[in-house]
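Following this line, the structures themselves.
Heads up, the next two complexes both have chain A, just with different partners, chain B and then chain C.
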Partner chain A sequence: MLLQVLLNGVLIGGIYAACAVGFSLIFGVLRIINIVHGEFLMLGAFITYWLFKLHGIDPFLSIPFSFAILWILGYLLQKYVINRIIEAPEIMSLLLTFGLSLIIANLALIAWKGDYRLVNPEYAGANFRLASLTIPYTRLATSVFALAAMAGLYLFLKQTDLGRAIKATSQNKDGARLQGVHPATIYSVTFALGAAVTGIAGSLLSMSFSVFPSMGGDYLLFSFFIVVVGGMGHIPGALTGGLILGILQSLSTNFVGAGMTYILIFVLLYIVLIFRPAGIFGKGLVE
Partner chain B sequence: MNRRKLLTTGKGLVLILSIFFFLFASYLPAEAQREKFIFGSAIAHTGKFAREGTNLKRAYDFWAGLVNAQGGIEVKGKKYPVEIIYYDDKSDPATATKLMEKLISEDKADLIFGPFSSDCVGPSSTITEKYKVPMIEAAGNAGTLFTRGFKYLFCTLRSADDLADPYMRLLSRQSPKPKTVAVIAPKAPFYLSSAKGFKNYAAKYGFEVVHDETYPVEMEDITPILQKVKAKNPDVLCVGSHTVVAMMVMKQSKEIDFNPKAYCFSFGTVTPEFAKELGKDAEYVLEYSYISPKAPFKDPLLGTASQFIEDFKKKYGIYPDGTQVCGVAGGIAFQMAIQKAGLTPPLTEEKRVRAREELSKLDIITAAGPVKFDSTGLNVGNPLSVFQIQKGKPVCVDPVDWVEANFIYPVPKWKDR
Partner chain C sequence: MKISSAKLWIALVLIALAAVAPLGISGYWLRLFTFIFMWIGLAGSLNLLTGYTGYLDFGHVAFFGIGAYTTGVLMVKLGMPFFPAMLISAVLAGFLAVVVGIPTMRLRGAYFAIAMLAFAEAMKQVVLEFDGITGGGNGLSLPIYTNYQFFYYAMLGTVLLIIGTTYWFENSKFGKGLMAIREAELAAEVTGINTLYCKLIAFGISAFFAGIIGGIYAYWMTFLYPGDTFSVLITMRMIIMAFLGGAGTLLGPIIGAAFLATIEEILWAEFKYTYLIIVGFIVVFVVLILPRGLVGLFRQRILAR
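After this line comes the complex of A and B, so read on.
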């Protein structure tokens, strides 16, 4: 039983981590708390839902569409809206992205109504047994995809020129500028990349959970938890934070009671904020 | 008179006339001439109950459409059409309460059709109680709403505490009889009331409750709870639910290969979205209702139960679920109370008090089921039926006289479906 509980936690934790990694990236480079993040997840989930329902496209094959559409949306939003207040105090970006999230969520509500929808392909729910463990294929596959997306992002930032330019801008904007990096372009690309990875996470979420216009709120909250625990702006920390959240949720629901889960999550959040404000590895950004 | 004096006098006159207008505006006789009944309803068009709210609105509209097709409600030989003013409460109790105030004080609604969910009925009924406006609702039957001593709140549903009765009755007749039951429910009034009913009636019919757990409403991943339930291997899973809860329970049960012999949901599976979204994974679940095409009920407005169901399906393309059936019955209850008391629009407070008295005495049979309110305002006249989803459609499997198809028990395991 304990092994099954831990396995459930790890599988869901992987998806949670993918949900938060875009949030962490955007904060790390642009220094803005992106409240519209939850809506990026929702849009990714709806892209998968509609492609599946209307065109019969397999949910996993819809991932490139989510990536591309959210990339374009993220790029345009940053370039033409968020960029205008990028040098303003942080509260401005908070207000702006909050407003944008309200606009997107309400447009989705008008377009798609408040119905709860499911992406339920033929193979959904199929599982296999490994010793005493029951492992759902879909959750395993979504978790693997989530880890792959994060690994891809990590390698991109580490191995490519553009990735290194993003990291340089994150560490020292003026220094990066002296090396010929154009921060405004880097900001747009980073925001687009963060949105696109979040879109992938939304697609993955839709395969296990219901899809509806206001779904972003809870996942935004989870993303906050993950980036605080893993370290704000520290990409590998998102994986740790996601796994901690997934396992904590699974353990507390099984051994303490479902009602205590949210309490425990926030108690841990406060403990980390007080004793390890830069995340449990101490590698997050703290002003 | 110079220009300055003229201006001052003009301002004075405007001020005096304004005071007179406000003093006497409330005595203007415009309302006395109204030739139609105005009903009000703040109900979810958006938010988490958007689909259920929209479906319930259809039930109110169905009744109003039939009444208006006959020229309206006939009182003392004259017919008065009905109009329903709707607002979107966004599935939010605070919004529902504000809109209720608006419906009564600004729109001068004579009577109120309730919102969707016990969450919204609870606070908004404090407003109808304050203004003495009878509210009939068909989607808020948490037992706790009816222990407050309210006089103007009527519910055409049975109490959620009692919904489990027909499931347990049906299950107790199976051979071999199931022995154990697990009950799970999100923490909100309707779900908790349903869960209480599942436990009470399980005990009454001799089942052992091996698992009983509630969880936060916002919890989407209930796999950990289902894992715990699975470990106890219950024969029956009972869930306090609406559509989304029921969908997640079925999807996640399949993922962890959890195979109880029966799934009982307190609501949300007859709604067409359930079968549409889940496909074949929606099969075999149980939900209560109040009628069946074979129920022996009829009335002059709807015809027979079978005719009512067919007409409803023809108009909206969906099978009427428990709340829709009771929504239509609620319209007929209002109509009967108005006619019996001989009330003409607009309904003043004195007339609304009389309407309330008639409702409390009502004992009628409609094609959408009987209506007889107890002293708390709950309908105790209508019998409960059980539907099972078979081949994507809800079919009545209990009580015996109303059965459309045999109850499939135990349900096939996931791997055999």
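After this line comes the complex of A and C, so read on.
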């Protein structure tokens, strides 16, 4: 029983980690807390939902669409809106992205109504048994996809010129500029990339959880928790943070009630902020 | 900013009008004005924190909810009269703000903003989980009191206290210290200001007032439900009202709250989601074009003449 609960937590945790990684990337490079993050996830989930519902496209095959659409949306938002206040006090970016999230969430609510929707292909409930454990195929596959997306992002940042330029900008903006890196371009690309990865995570979420226009708020909170625990802007930390959240939620749902998750999240967040403000590995940005 | 005698007279006339108004209005209008005062108070409470320290609070509704529920529980379970119950709730709200502020206010405002979102969500769950005391998801019924003029004056009185406190922030050494922190925290620290201490005091005062308003609201509505009392929408409206009017100014939250609360009264029932989209655009517009709010715009006009 306990082993099964832990396994469920790990499988969900992988998806949660993918949800948070774009948030962490954007914070690390642009130094803004992106409140639209939850809406990016919601849009990714709806893209998968509608492609499946209207065109019968397999949820896993809709992932490239989520990636591409969110990339474009992120790029445009950063280039034409957010970039205008990138040098302003941080409260301005908080407010601006908050306004944008209000607009997107409520447009979605008008367009798609508040119903809870499910992405349920034929294989949705299928599972296999391993010793005493039940493993649902979808959960396992989405977790693997989530890990692959994070690994892809990690390698992109480490191995490609563009990725290294992004990392350089996050470490030292002026230094990067001296090397011929143009910060405004890097900001737009980073925001687009963060949004696109978040879109993938949204697609993955839709295969395990209900999809509805106001789903963003909870996942914004989850993502924040994950990146604080793992270290703000520290990409690999998101994996640890995601697993901790997944296991925490799985344990509390099974043993003390789902509502307790939120109380535990706050208590843990509070403890981490007191003792390890740079995340449990101490590798995050603290300012 | 010192207030000129002409402005002081205008303010006194307005206060006198507000004080005698219940003699001439009743029913719907009395309720509407009580609501407008409530929103001015809530926006003013947020402004004491956000306007003067630069820390945006995405969970400020927590203190409103703590005030409301503590007042409710003290009155229902312990049979306490309203005033002491409300005061205890407000003190509790202020105290919890300081406790939550200690780790979060050492960090940048971005951490604080979302940590508070987590705090508000946690507080709502506490109310839901401890349903033996709070009524949980079934809600909590308070003793019914139908003297609506009482609630009008209670909200008005609280608003005046908040305005007085804001005036003190604007003109005291403490307030100047806060504004120094908002503009350049490191520089403020170097000049010998204990920045964490100042921010915590401002946060505590701000939460105390939100708690008072929550307490009055609880007794006025006579029924509390966790989903409504801790609604994220309440926080959103406080933020929007404060910033539309102009955060960090004395008049900003008053103007912003009175303006938006009136518009909401007209539009809310029929166009709830359209309304929120429009509000979203207003926020984007304020940030990009009008970062100092309506009050800032008005001041610029005067200076330009």
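One rule holds for everything that comes next: the second predicted complex is superposed on the first by the 282 of 287 C-alpha atoms of A that agree within 3 Å, B and C clash if a C-alpha of one lies under 4 Å from a C-alpha of the other, contacts with A are read in each partner's own complex, and residues count from 1 in each chain.
Convention: a residue touches a chain if its C-beta (ideal position, glycine included) is under 8 Å from a C-beta of that chain, and two chains touch if they have at least 3 such contacts.
Just so it is clear, the model here is predicted, and its values are computed rather than measured.
Peer 1: Output check: A:Gly259 vs chain B and chain C. Expected answer is one of first, second, both, neither. What do you get?
Peer 2: In the superposition, A:Gly259 contacts both chain B and chain C.
Peer 1: A:Thr134 in the overlay: touching chain B, chain C, both, or neither? Say first, second, both or neither.
Peer 2: In the superposition, A:Thr134 contacts chain B only.
Peer 1: In the overlaid three-chain picture, which partner chain does A:Lys113 touch, first (chain B) or second (chain C), both, or neither?
Peer 2: Touch status of A:Lys113: first partner only.
Peer 1: Which partner does A:Lys158 reach: the first (chain B), the second (chain C), both, or neither?
Peer 2: Once the two structures are laid over each other on A, A:Lys158 reaches no partner at all.
Peer 1: Report for A:His182: first if it touches chain B alone, second if chain C alone, otherwise both or neither.
Peer 2: neither
Peer 1: Does chain C touch more residues of chain A than chain B does, or is it the other way round?
Peer 2: Per-residue touch count on chain A favours C.
Peer 1: Overlap the chain B and chain C contact sets on chain A and report the shared residues.
Peer 2: 109, 257, 259, 262
Peer 1: Provide the residue numbers of chain A that touch chain B in the complex, in ascending order.
Peer 2: Per the touch definition, chain A meets chain B at residues 1, 4-5, 8, 12, 109, 113-118, 120, 124-125, 127, 134, 136, 138-139, 208-210, 212, 214, 218, 249-250, 253-254, 257-259, 261-262.
Peer 1: Name, in rising order, each residue of chain B that touches chain A in their complex.
Peer 2: Within the complex, chain B touches chain A at residues 44, 46-51, 91, 187, 213-216, 218-225, 227-228, 231, 243-244, 247-248, 251, 254-257, 273, 277-279, 281, 414.
Peer 1: For the complex, give me every residue of chain C touching chain A.
Peer 2: Its residues touching chain A are 50, 54, 56, 58, 100, 102-104, 106-111, 113-115, 117-119, 121-122, 124-126, 128-129, 232, 236, 239, 243, 273-274, 276-277, 279-284, 286-288, 291.
Peer 1: Quick one: in the complex, what on chain A touches chain C?
Peer 2: Interface residues on the chain A side: 27, 32-33, 81, 84-85, 88-92, 94-96, 98-103, 105-107, 109-110, 217, 220-221, 224-225, 228, 257, 259-260, 262-263, 265-267, 269-270, 273-274, 277, 286-287.
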